[in-house]
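Next come two complexes, and both contain subunit A; in the first it sits with subunit B, in the second with subunit C.
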Partner chain A sequence: MRKKAILFLLFLLTLFQSMESFAKQRFPKPEFESAYTQPETLQPGPRYELLAYLDVLVLLSTLSLISWLILKKRSRKGVFWISIFSLAYFGFYREGCVCSIGAIQNVSLGLFYSAYTLPFTALAFFVIPLVFTLFYGRTFCAGVCPFGAMQDLVAIQPQKMGSRLNSVLGLLPYLYLGLAVLYAATGTDFIICRYDPFVGIFRLNASFGMFVFAGILLGSGVFIARPYCRFLCPYGVILNWFSRFSKKHMTITPANCIQCKLCENTCPYDAINIPITVKNPETKQELLKKFILICILIPVLIAAGGYTGSKLHTTLAEVNPRVRLAKAVMDPVKMQEKPESYEIKAFKSSGKPAKQLLEETNEILRKFYIGGWLLGGFMGLTFGLLIAGRLITNYNPDYVPNKGTCLSCNRCIEYCPVKV
Partner chain B sequence: MKHKILIIAGLALFFSVVTYIAHDLFSNSSVKYSKSNPYEYDIQHLNKFDSVSVSYNENLAFRPQMLEMHGVATDYSDRIYVAGNKFLEIFTKTGNLLKRIALDGNALCITIDPDKNILLGMEDRIEILDMDGKLKEKWEPVSQSSIITSISSDGKNVFVADAGLTSVYQYDISGKLIGHIGDKDPHRGIPGFVVPSPYFDLGISGINEFWVANPGRHLMEKFDFEGNLIKSWGITSMEIEGFCGCCNPSHFTILKDGSFVTSEKGIERVKIYTSEGKLKCVVALPQSFKEGTRGLDLCVDSKDRIIVLDPVKKMVRVFAPNIDSKNNN
Partner chain C sequence: MPSRREFIAKCVRGGLLTGLVVLGGTLMLRPRRDDENCKFNFACGSCSLSDSCNQAEAVSLRSTVWQLDPSKCIQCGRCATACVITPSAVKCTHAYVMCGYCDLCGGYFKPETKTLTTAAENQLCPTNALKRKFIEDPFYEYTVDELLCIGCAKCVKGCDAFGNGSLQLQIRHNRCVNCNECSIARVCPSEAFSRVPANKPYLLNGFGTERLANDKTQQEG
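Coming up: the complex of A and B.
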């Protein structure tokens, strides 16, 4: 506890360093009227290729090491120190970019927009953790993701939230994932990056607003362990799916569970499945009823979700700057009410006819209409599967980690009295 | 109970984050539209100064009859000389035109020497005229790249500021080049001039002190006639007491008591500094000029009226101390 408090204090100190210092504007832009030639504007180049490969190598190495520490050495300390390293390297040194969470958007854009060249590192950061998860569970979340590492440091008094609350809040990441893919695929925005709470801290240039944003999220993380990972992270959704099929997921006990219950309350993420034994098994008729209900419910929810999504497509599309511009340009009442914005001025000065803007907007709206159907359908499916999950009882005699939600942090292992 | 409170607290914080994201993403789009260009280099807020600090009033303004004007000077009887493209115009101290002299080219700067000669820095040469406007001498420039921006004389020496080659030339009165002043020389402790744009002024005070504006360094530098740097003053600041931008002060002149009158561009303002370089008072604030005004050449007359050439409004503007501030002083 004392150790955690010290770490928390150290963490707070690093946050203070990230406070923005307001530089004094010194020079108005000079005008050069002599024979001076303005230098060409240089675009900062991408990260040196070799160093980009180094990032991938570090990712592979840390994932390999942490998977070995989790599964073979069953070491919590090892996980902790890897997470500190990841926080330092992927967080503060690499300034939170490239990250696997944001790579979802690169991959989505690459899939839906042929002119976009998907960077190798973005693809690697997207795929490699998924491959490891498919074999070893969410070892990436355990200590390689700097976001998780940062939140882990502040989880001082994590509270158990109960499975219902967990399930309901667990829908949020699906929505966030759906929106992130929709906006990336339509070329609207990279919303995961836009609302990345920690990147400003990693780059030590957080604005006051972002600092407060991250502070509040970390503040909630004191009582609700890893709130971003559990209830917002869109990459966590995909990892959750892959982890369910993982071949060698970590186990609480190295041998047979002795039902001592010591591990029952150790997981700060509520990711331990309590044993449910077959005392009064359901009849075949009951099971058939549930199966029929699920078979009807899921398509209905998908259709209802899709329909709702399609109806909301204009609202969803308003995030797109082109649509926003068209809306402002085509609305003469608002145009008169408010002073002309810079964007409208820029559009007018471009000489582009409003009709062309309207055509472009209609094309974007068409994409959002399809996207709205897909997003709504996806949410309907997610909700249906959530209900199905609660209808179906999984019988298991032992305390086992929930393969989907377990972050493989190895905290529970320390409490298991069974040693090999 | 404590457990529930902690969960509620945690959830409240978490939902405030989610609410912020949702609100920011879907809030009324028109609100998000910026009223101004977010990439614009806006220095408007720096143009606002307290007008109480202004100790001068503009009490005369007149318009020379030329399209392009660059230099202004006064003579021993307070006549005002305005030099520009193809013309030199001479006015009485009340702004009445006395004489219009045609020039062969564009005059960029002007001074009247103690021997009653009109010295003109033309685009590619220096011309010396008598008081009737007759051409007495013509000196060739040092280089084709020269941009002569200022000229001054004590009767024995003629100093010429060349913004093109970033140097000050010292001539004798016959036009013989004696040497350069102020060129970078670490052994003599001379940092050298930094002149990013063609605003590079020099002047000689009533007690023969030779001063050069080093605009890129925001300094006023005093040299002796041997080219030794004697002293300098000036601070870089957006505030009223300093100079800012790429190259300020753009122009200056020296009052009888050794005080300096400076003009700036970027943030257009005219100020007076003591001979030690401390801000004394303000003559004119940015609101007195059109935005983007550059080339506010200055001179003073025997009554310490400050004469400002405003090439954008195409006027000669005369400022005199207002009575209140005079009484206070």
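Coming up: the complex of A and C.
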């Protein structure tokens, strides 16, 4: 009898179920006659907040130690052991999160949305390696970054890539950086985290796509040293530019270069500038011609890039879930054809007017229009600078590391016969 | 001339350093402005303005963790598949204080079930994570085995539709690795995920519009 009554009650309740999703007291709390005590709902807390500060402390101390090992001790072994430690700590123990590469997005989101609470650790992980790079070169890349450390371990047979291929592929990180900042600043997505190839390995748990991506990177990494660092890493772009103005940078030789050429083929990253002595100096006229060409080329490229970017802004905005939702809601034909998606269902049950969604979408699209101009202009500038860099010849008499692309791994040092 | 080059490099270095300090300073020290219609759900920090947002009070702490709001959840089942860890860090969490201890539990039994037994074919839970125990006539206690639960929300849907809504999905913080961007938040259709202050990491629904307290939260390393 009771069962039937309950069933009937349930039927009635489903009929009168309101749209409000908060829980309702349909059944009263039972009064137990037996000695039953209600268990508590366990709510295990998150990781201690203090441990986040420990991460920053570990970052600071490993960076200091590796900078000292690279510049003062000039030891490759030290760099190797630090990279093993970083791989273990930042990689496998901290599971690759928080990382400096991803922190770019937190910082850009924090800059554009003041309502976003930027975690202290994200800011610290973004700023501290940059400060160290400004003084000591890319020592962060050498062995503190777990991504770099992992790829460094598999670089067994590195091949020379050729400067042209190197610089063309070197444009990819700029594009990645631009897109990451655009999507983070518009509050769309964190694409660096989304397409992170190595966290899957750190967590020993990866989706198929992630696993394939990591496999390709590590497999090709045997022959192309550090493919992610050189041809994808968006943080590397910023580090590259900071390192060019670094106060002290690691040097191949401790004293004077004797031009013995022993180090020429030791760099797995093609980051050693071979000496270009003045053979046929350009005339002033030639130099002026080049200068004018660059002065015209760069603004033209920026404008062209910006225009292309602004034209593509709707395509770029497709990634935004709210833009996609608006598209699905506004398109009645599509809505009837397809079975209702969860997004549309959730939108309907939220009771939000379609007009509000449209307004929000227009606002996002406006941001993407500006962002498209900026991103395109940035890419134009990058391409222009690449051409300018190839036009200008920098004369240098010795074998020196390229301050921008050198990752301070200290491999070349071991081959230098000059000892102090 | 190396001296001229060095001078330029020095100036740029000084400029970059000041830039970094200014950037860090403004980001850390500026007062948080509350955005009335924040347009990002995946990395929401905290708004103190609207009631529809999860945060009823301003958050002074910078440390935040992910949590999902059961009142926004539509039980789509994506939590079970989208999490970076397997099985998902999202689990069914039983708020016992709200449970009606029903014999005919909408969260435990499949809708067409005729005999209310613990036979496998009657159970809604695909992994046998929801356990049923007789207490006294006519009350039954339901407990979630966290090791078996995959966060598919089938029981949550049932309890929400026919019961008190005591079974709710929550991110379990002993499992969550607190990704920079939660990969479930990215695919959540109802924008139920947001960052919440780490000292109040749960958003369990109570009756009406109140929330259950976080006071039983234990700190774990």
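Keep this in mind: the second predicted complex is superposed on the first by the 372 of 420 C-alpha atoms of A that agree within 3 Å, B and C clash if a C-alpha of one lies under 4 Å from a C-alpha of the other, contacts with A are read in each partner's own complex, and residues count from 1 in each chain.
Assume a residue touches a chain if its C-beta (ideal position, glycine included) is under 8 Å from a C-beta of that chain, and two chains touch if they have at least 3 such contacts.
Since we're looking at a predicted model, the values are computed, not measured.
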- Thinking of the overlay built on chain A, is A:I216 touched by subunit B (first), by subunit C (second), by both, or by neither? first
Across subunit A, the partner (subunit B or subunit C) reaching more residues is C
Query: Of the partners subunit B and subunit C, which touch A:S64 in the superposed model: first, second, both, neither?
result: neither
Check your understanding: After superposition on the shared chain, which partner residues are touched by A:E343: those of subunit B (first), subunit C (second), both, or neither?
Key -> both
Next on the checklist: Quick check for you: in the superposed arrangement, does A:N362 touch first (subunit B), second (subunit C), both or neither?
Outcome noted: neither
Scan A:Q259 for contacts with subunit B and subunit C and give back first, second, both or neither. neither
- Task: Name the contact category of A:E49: first (subunit B only), second (subunit C only), both, or neither.
- Result: second
**Asked** Thinking of the overlay built on chain A, is A:T393 touched by subunit B (first), by subunit C (second), by both, or by neither?
**Response** neither
The intersection of the subunit A residues contacting subunit B with those contacting subunit C is 24-30, 32-34, 36, 341-343, 346
Listed in rising order, subunit A residues that touch subunit C in their complex are 2-3, 6-7, 10, 13-14, 17, 21-30, 32-34, 36, 38-49, 51-52, 95, 97-99, 102-103, 105-107, 109-111, 113-120, 122-123, 127, 130-131, 134, 187-190, 193-194, 199, 203, 205, 242, 244-247, 321-322, 341-343, 345-346, 349-350, 360, 363-364
The answer for subunit B against subunit A in the complex is residues 3, 6-7, 9-14, 16-18, 20-21, 24-26, 29-30, 32-38, 41, 43, 46, 145, 147, 163-164, 196-198, 236, 238, 244-247, 266-267, 294
Residue positions on subunit A within touch of subunit B in the complex are 24-36, 157, 159-161, 165, 172, 179, 191, 195, 197, 213, 216-217, 219-224, 227, 231-232, 315, 318-319, 323-324, 327-328, 334, 338-339, 341-344, 346
Within the complex, subunit A is touched by subunit C residues 9, 12-13, 16-17, 20, 23-24, 27-28, 30, 32-35, 37-47, 59, 61-65, 70-74, 76, 78, 84-86, 93-104, 106, 116, 135-136, 138-139, 141, 143, 160-166, 168, 170, 172-174, 176-181, 183, 186, 189-191, 195, 198, 201-202, 204-209, 212, 214, 216-221
